[in-house]
Amino acid sequence: MERVPESAVLWVLGLPFAGFLFHALLGGWLIRVLGERTGKWLVGFVGTAVVLSAFGFGWQLYQWLLQQAQPQHAFTLADWLRIGSLQVAFEFLVDPLSVLMVLIVTGVGGLIHLYATGYMAEDTDYARFFTYFNLFIFFMLVLVLAGNFLVMFIGWEGVGLCSYLLIGFFYRNAQWKENTDAANKAFIVNRIGDAGYLLAMFLIFSLFGTLSFVEVNAQAQSVLTAGSATALAIALLLFLAASGKSAQLPLYFWLPDAMAGPTPVSALIHAATMVTAGVYLLVRVHPLLLMSPTAMGIIAGVGAITALFAGTIALAQTDIKRVLAFSTVSQLGYMFLAVGAGAFWVGMFHVATHAFFKALLFLAAGSVLMALHHMGDIRQMGGLARVLPLTALTMAIGVLAIAGIPPLSGFWSKEAILLSAYGAQPLLFWVGVATALVTASYMARLWVLVFWAPPAHEVHVERERYWSVLGVLILLALGSVAFGWLLPGEKAFHEFLKPVAESASPLPEAGKSFVFGVALGASLAGLAFALMRYRRGVPQPEAQLTGIWGVLHRQYGYDGLMRKLGVEVGGAIAMFFTIIVENLIDGIVMLVGLLTRGLGSLLRPVQSGYVRSYAFVMMLGALLLLAAAFVYGLR
Amino acid sequence: MESIPLNAYLTLSAFLFAMGAVGVALKRNPIVMFMCIELMLNAANLAFLAFARYQPTVQEQVAGHIFALFVLGVAAAEVAVGLGIITVIFRLRETIDVDEVNLLRE
Amino acid sequence: MVYDYVPIALLMGIALVIAAVMVGGSWLLGPRRPTPAKQSPYECGMTPVGSARERFPIHFYLTAMLFIIFDVEVAFLYPFFVVLRELPPETRAFALGVVGVFTFLLVIGFVYEWKKGALEWEDPVEHRRLKPEPQPAPAGEQP
Amino acid sequence: MPAIRYTHGRMEATVRPEIEWNALLPLMSLIATATLVLLVEMFLPRGRHAPLIVIGLIGLALAGYFQISLWQTSLTTFENLWRVDTISSLLTLAILGATALTLLFSEEYLQQRDLRYGEFYPLLLFASAGAVIMVSSTNLMVVFLGLEVLSLALYVLAGLARYEVRSEESALKYFLLGAFASAFFLYGIAMLYGATGSVDLMAIARGWGNSAPGTATSAMLIASVALLLVGLAFKASLVPFHMWTPDVYQGAPTIATAYMSAVVKVAVFGVLIRFVEGAAGMAGLWAPILWWLAALSMVVGNLLALVQRDAKRMLAYSSIAHAGYMAVGLVSLNATGLSGILYYLVAYSLMSVGAFAVLTVMARAGDATTIEALRGLYYRQPFAAHAMAVLLVSLAGIPPTAGFWGKWYLFVASLEAGQVLLAILLALTSVVGAAYYLGLVFALYTPPRETVERWRMPAPMAACLLACVLGLILLGLAPSWLTAPARQAVEASATRVSSGLP
């Protein structure tokens, strides 16, 4: 086996980190010294350049991998811990799965960086933004390149941290309270998932004696009994971890609020990359999941339900970014459906296509927001196609792609997912079809309300002015069109991932045309419905959010319930703890504290400040020591 | 000449050392305290030289002699530094009584 | 043997006699007009009797310190030169080199104290820089 | 090979000793640098120190380069007076690093406090030379000379603030008690010499093996080990020989405190590691004693740190506690413990130099280092506050910093050695420690009562703090970069000692 081009891996990881250090140490200073214009240009340039260069090295890794007979190449950077039986190294894994993610993260990520140089151009915290952004890319790359659970955990926590920092990025403006609340919410909900990750990791270590992905995957069949409770526990804990990061039921509700961050953040972290980490984790360790068919069923079921659930909620959202956020949750549900159905590569396929079109949609939404001075209520918009022609066009491509209209990228991955669901469980298939219908209609609703329908009010609109914004939109639109059939076709993609993420059973050939027809029909129906209903603007009951629309808008009350649970039940528990436990513990802690402090104070006078008494104590100590030595030394 | 037994040297040395140690703990004048420390160093030197006399090989004997010489040098350097510190304290406080020098405590 | 001490005893006797003659002679023959300066044991330098707390120039100490350190360091040279002649030639060169380094370091120390003005009896730098009450106690000090 | 032969009652020196000059290059370049700095300082106008710092840093880099080129070599030269192995290399590099860091932030403090004494720099370098000598030999004559070179320079550094009573008081206390402890140490050497005819630490176990119980020789050896321990425990500030520590740390100029807290610990624990190796055969005697010293240091250090109101004094007591933690590694008598000490020493140097470096920024406010005065440091100097927070977190032993792994290795070592009680004590006292460290962190970020001006951070000091913080995080993330060579060094040294090689 040939050696991994370690330098390429190190460059991929090191460049974003160097960018982070650059911005953290010099960014603010540069902007002060070089002036607003040049300084920001330099910071933005470095921020983007490191990520795009990392993409270059990622591409080098990809080319190298294509020539290898063996799919998986682990390499150890350095020893990390070596305590007793626990030996963990800084271990990285280069295989089609990780390289695919590296390309997505650095490629789409690089484009979003480029976009952000325009989007954030007027922000005072320009350098801080790129500091966090580059740091995020670094941690995300650590996550995807990790060769064992612990290294991945570094990335896992790191991206969580960056997500937290970026959601609460606008802490200076009027909505700072909501923003920081949203950040806290994301952070806290994610901790539940992390608990799952840690428990799974400990369980795996105790059973396998190793944390390395390659070894754990290889030994999954021999260590775990198929269908055993242990296998179920591991799989479900991993799924809990994944559903925290990837916003699935029951932990999805942090993601919509996370839209409080800047739009490039929503595009990069909360649509294209970080939220897919859960899917990536499950695919990475899929041999463990295969040991528990029950867990697989649960994953598929939860995915399907989340997809439909979030899709319907998206129908009644009024904020442009929240529509997209629920759409993300819904699409992530699709990916989990594919994973649960055993079609692992299909899940990753949708991760890839989704990265393109969802990033495109978010960035186009960002362009709209820039034009409207960050007013995001779609009920107030309308007819923007004339003012923002390029945005309208590219967003239309995104809408068609996510709706699954051939030959755009979304079509291929969605077909594959539905096909795998069809093969696994017909009920799930029908849920998926319903989701496709809903998806098409809420996306079309969004586009029609923003760009086509007559405007409800006169609003002041600014024209598109940043070349970086438009250029990125066009590039991503091209990607959304071509991915899946032209650039790498579905077949080529499958071939590439086959060695590491082959589906448990081949996709059914028989129902292919049936699935194709039903899904396409559902999508077209959804599009047509929305076009008809919204071409003159939002109908009254919907605009007032009464009746069913209100229920949907309020996420079926789930968010409120969770808030209640969090605040009131949590409050009750907290009350309990304050009254009984805390007082008790406080009492004990106080007592211990007082005792130790008292002991300390008792000892204090010994330190009298008199050098003679110090000498005296020393002499006594020496005498005592001598005496002790003779006592112990007498043989 | 009749040689003095090793024990005599060692007894004297131990006595000097103990006297020095007690002196450091009891005296108030830092110069006297320092003299007591010198006494302890010299007790060690006496022990070195006495031991050197009873070593079997010249190599081992010389080690003791050299050490004694080094201790002399070190003691001289300590005198210089110590007296320097004491004179500075005297300039600042007009006293060198160690019991009056205790701003730093607890 | 006891006889070995005879010369020493003789020497002590002669010394005693000479001292007695000198002191007695001046007592008998000299005029007596006492002044405070004459009454002190040493007619120059510091007054030996009186309060031990009395201030005297710090330079006595400084010079003594400088003296003792060089004095003792130079003592290292003595055993060296005792054995130097007995060394074989090639070792002798090496040994001289080592002692050269040692002496060089001592000379640097000497140059340093010279340059710093430690050998000046009147120390202009020190006098100028002595501040009367330099240190306000920092806040939060322990009582 | 003997340098001196005995013939017919006359001494006749013959061959000159075989000298491996390479092994001495680091020390020689360090001393040459110190001398050069001394000479240059004479001719510079008062208060201009930049050339001294530059020369010093270059010299340290040179010494470090020579030491790194000796990495992995293991030899003794100068008739076994000088030893180079991975332990000495690691410790020497730690000493050089701590010195370089001190050089970086000292000038600002000297200027702010109007302490324009150029002597500071040569003294610092000479002190480092002393410390390097201490860790590079097992011969107690050499160790003693190194100890004195280090200590004498430190006495002067402690009293550097000539017009300040506190500084002089600390110097006087340090000097009197230090010389007192040196006398004990020296007498211990004399006893060892008397018992074995050698002053090498490695002779202890041999002498113990050869001496019959109850004889004068064995009594002298016992006394020797006890007295050596007294001297070393004083320098390491282990309870009950710790009493000078808080007074000296508080009174001395903060730059001197920063330096001595790191370098003295490295040097003394270097000697203690050799001591443990050399006297392993007598462990039954000294291990219980060190057990008590470690336990008392951890308890007393942490408890007294808890009630301090001055940050410098608090850190002084905490340094006593840290010495106690490291002594746990000595007591456990295994490779994990000794290599854990090596790791801890490096980590502690970074933490301690960094923490005191942050305290030097208080020189602008009359050098008040009470916790009250430090309140709201974040609003004056955010970078210093952030750095201090990391350093304190590491001192408290919270992951992912190096402080955690240091404690962890020592904890594991004492468990491996079956010292369960000591391990529990280590854990419990660490919890007490976390309380006062984190209390200080909170104080740093508490808004100040009145509006404060922002302070500028000089670039060299920023570089120093950054180096400390990054070093700690790096060592925390990848502890095996240091523990692997440390363990290897300890094991190699142990094999060498047990097979009787020099």
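To keep things simple, chains are lettered A, B, C and D as they appear, and every chain counts its residues starting from 1.
Keep this in mind: a residue touches a chain if its C-beta (ideal position, glycine included) is under 8 Å from a C-beta of that chain, and two chains touch if they have at least 3 such contacts.
It should be emphasised that the depicted structure is a prediction, and the values quoted were computed from it without experimental measurement.
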Comparing B-C against A-D, which pair counts more contacting C-beta pairs? A-D
Indicate the whole-number Å distance between the mean C-alpha point of chain A and the mean C-alpha point of chain D. 46
State, to the nearest whole Å, the distance from the C-alpha centre of chain A to the C-alpha centre of chain C. 81
So what's the Cα centroid distance for chain B and chain C, whole Å? 20
Gap in Å, rounded to a whole number, between the CA centres of chain B and chain A: 71
By the touch definition above, chain B meets two or more other chains at residues 21, 24, 30, 33, 77, 84, 98, 101-106
Which residue numbers or ranges of chain A touch two or more of the other chains? 604, 607, 609, 611, 615, 622
What are the residue numbers in chain C that touch two or more other chains? 130, 142
Under the stated touch criterion, can you name all the chain pairs that qualify? A-B, A-D, B-C, B-D, C-D
In their shared complex, at which residues does chain C touch chain D? 83, 86-88, 90-91, 94-95, 105, 108, 111-112, 115-116, 130-131, 134-136, 138-140, 142
Chain D contacts chain A in the complex at 172-173, 176-177, 180-181, 184, 213-214, 218-219, 221-223, 225-227, 229-230, 233-234, 240-241, 243-244, 246-247, 282, 284-286, 288-289, 292, 300, 303-307, 408, 412, 432, 435, 477-481, 483-484
Chain A touches which residues of chain B in the complex? 21-22, 24-28, 30, 33, 98-99, 101-106
For a test of understanding, state which residues of chain D touch chain B in their complex under the given definition. 2, 4-6, 11, 141, 144-145, 148, 152, 155-156, 159, 162-166, 168-173, 175-176, 179-180, 182-184, 186-187, 189-191, 193-194, 197-199, 246-247, 250-251
Would you pull the chain D residues touching chain C in the complex into a rising list? 11-16, 35, 38-39, 42-43, 163-166, 309-310, 366-370, 372-373
